[in-house]
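What follows are several structures.
Shared between the two complexes below is chain A, which has chain B as its partner in the first and chain C in the second.
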Partner chain A sequence: MNATVPFIVTFLLAIVNATLMDNVVLIRFYGICSFVGVSNKVKPAFSMGVAVAFVTIFASLVCWPLYNFVLVPAGIPFMDTVVYILVIASLVQLVGLVIKKYSPALYKAFGIYLPLITTNCAVLGVAQGNTDSGLSFGLSMAQAIGTSAGFLIIIFLMACIRSRLDAMNVPKAFKGIPIALIVAGIMSIALIGLGGIGS
Partner chain B sequence: MGYLYILYGFLILVAIGIILGVVLVFASKKFKVEEDPRIDAVEKMLPGANCGACGFPGCRGLAEGLVSGEVKKCSTCKVGKKDKHFDLIIEYMKAHPDKDGKTNVPTL
Partner chain C sequence: MSDEIARNRHKESFLSGIIKQNPLFVAILGMCPALAVTKTFEASFGMGLLFTFVLVCSNVIVSLLRKVVPEEIETPAHIVIIATFVTIVKMLTNALLPELYSSLGVFLSLLVVNCIVLGRSESFAKKNTVFDSFLDGVGNGIGYTLAISIIGIIREILGKGSLTVGKIFTFISYNGSPITIPILKNSVFDVSMGKIFSNPAGGFIVMGILLAIIAAVVNYNKAKKKAAAKSAAKPAPNTNLGGAK
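Coming up: the complex of A and B.
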């Protein structure tokens, strides 16, 4: 990125890049667990996307200052993963409490996948990647927003495709998860076509 | 000098842990959900191994299933013993009907 480009352009480009060209699920293969696990119905899939987006953005919002203003001055940047996991786990607890309060049905639909956002590598991957590659605060937020948008779009599309697949005459051996993985592979190939535009 | 980093790491982690813990305590007060008190009671009577062998995420999930009548058999819990856990749960569920006066008594 050259220095004469205004920051807002860089910011928007970074978001688009993280959303499509460098998509978190289909290009970097993070967060496959909830991607396959919760994508069989459209509404829970969309909510899962929103929950992951919330956790990702807030985790980056908290982790970047924590790393640069606490861990680095104290001389212990190697503790980053532990601290990030601590922050992410608390955020997931918080999201869990809110969802349980306002939508018990959704809480049921998520089941075990809600606490599993804690170990969703998309969330940790973004927080870790931001500080590891020494991005500025603005760019790491762009990265977080782009990644969550990418996850949200892809899990939503996947759920739409899978809900149509239910009505199709799929060979018995491919019913359920196997055909979902094949669909994910085809989607991934489609996105690879965009690769390289970002750089 | 190197040893000091261990101390710093420890102190910072403790501090972050305490701050996040306090935030979560307040959040759980604010977003408290009124639940059937029987779920807590049944959860206490289960072995508490949280092994997941019943197919629920943890003992609390099974307790919810037992109270709502979704789970009919206590032996869904693989580690529980008849005299130590299941008999107690059956007794309790007999003695505590739900709001409409219905009882969901699980069998063994």
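Coming up: the complex of A and C.
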């Protein structure tokens, strides 16, 4: 990093980079299962996106200090995956309880998607990737925010496209998941085109 | 007699994961690694092997503990068992096959949240005997390795125009260097268009087309079976009428 560039600029650039050029779903392939599974209709897709964003940011907020201030001093950095998945599973439970208490309407909207977030690769992938590549705390949070925004945007766009695809005359063999994957491929080509901006 | 039933059950638990219930192509689970690490054949095959190891080990342990673990904490317990084996695999790969470790990257850790591994322990291992769970793990592992290797071969040939063996599994070599088999050299795939297949976009497109081909085959078989059932059913009422007279 260039010393003359203020931190806020690198922070914002990292967010944009993680959102678009390094998009979680289309370039890094995290969370394909929920991306394909929940993007049938617009509303659940949006709820899922918000829930994942929530947990991703909180998980990164907890995992980075846990790795650098607990696991490394204790001499057991190789336990990171086990610790992270426990943190994420309990965070998902906690978020569920808090939302249930303060906003039953939102809890109903999240419904069954909340427990599914535990097994969403995006959450673990970001936490693990941050500590694996030794990012600073600020840049880890930029990664988390950008990744969440990228997931939310892409799952929402995909749901919009798929709800229109339902009305189209797609060849029988391509109906459902195959055509969704090909659409995702075309969206991915569009994002590759943005590749030069970040650097 | 009961021996034969047990043998049939063993056979069923082993075979169903390979083709009939293939975890990737039929159940459509575990897509993230199937798209992310399949740029080359070797990385995909390595991923399949490690996946199989984790799945077999976690299936056996989950099945061993199936009467001990209380129902309320089943899922967290399974996740911790899987995470333990993933950590073991990570350390072993890092020590023995560092090229594989670096080419799989974070997706090795992401085996923890692989839907197939968790799915098999939730839907099979916690209800079945240890031996059956072992066979189920091996069968599903072979099925997944086959599927992911097919994607890897297609993407490497279309993306690079050749197939390389020995870059990751360094013990396979010819005069100390990896073996490269040129297949589509100097064709349109080699020069310009093929690049898309080693890009992330290619993963989606290859996977989508493969799934469509499988759906087409399944549809065709279903239609054929239906037609066969219809033509077999038609003469039956006639003979019945004849018999009634």
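The rule we apply is simple: the second predicted complex is superposed on the first by the 178 of 199 C-alpha atoms of A that agree within 3 Å, B and C clash if a C-alpha of one lies under 4 Å from a C-alpha of the other, contacts with A are read in each partner's own complex, and residues count from 1 in each chain.
Note that contacts are C-beta pairs under 8 Å (C-beta built on N, C-alpha and C of every residue); 3 or more make two chains touch, one makes a residue touch a chain.
Just so it is clear, the model here is predicted, and its values are computed rather than measured.
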{"item": "Chain B or chain C, by number of chain A residues touched", "value": "C"}
{"item": "Partner chain in contact with A:G125 - chain B first, chain C second, else both or neither", "value": "second"}
{"item": "Partner chain in contact with A:A105 - chain B first, chain C second, else both or neither", "value": "neither"}
{"item": "Which superposed partner A:I177 touches (first chain B, second chain C, both, neither)", "value": "second"}
{"item": "Touched partner set for A:V70, first chain B, second chain C, both or neither", "value": "first"}
{"item": "Partner chain(s) touched by A:V5 [first = chain B, second = chain C, both, neither]", "value": "neither"}
{"item": "Which superposed partner A:M79 touches (first chain B, second chain C, both, neither)", "value": "both"}
{"item": "Overlapping contact positions on chain A, where the chain C interface meets the chain B interface", "value": "79, 82, 86"}
{"item": "For the chain C and chain A complex, residues of the former touching the latter", "value": "28-33, 35-36, 76, 79-80, 83-84, 86-87, 90-91, 105-106, 109-110, 112-113, 115, 118, 196, 199-205, 207-209, 211-213, 215-216, 219"}
{"item": "Chain A - residues contacting chain C, complex", "value": "26-33, 36, 78-82, 85-86, 89, 118-121, 124-125, 128-129, 132, 171-175, 177-182, 184-186, 188-189, 192"}
{"item": "Chain B to chain A touching residues, read off their complex", "value": "5, 8-9, 12-13, 16-17, 20-21, 23-24, 27-28, 31-33, 57"}
{"item": "In the complex, chain A residues that touch chain B", "value": "66, 70-71, 74-76, 79, 82-83, 86-87, 90, 93-94, 97-98, 100-101, 104, 111-112, 115"}
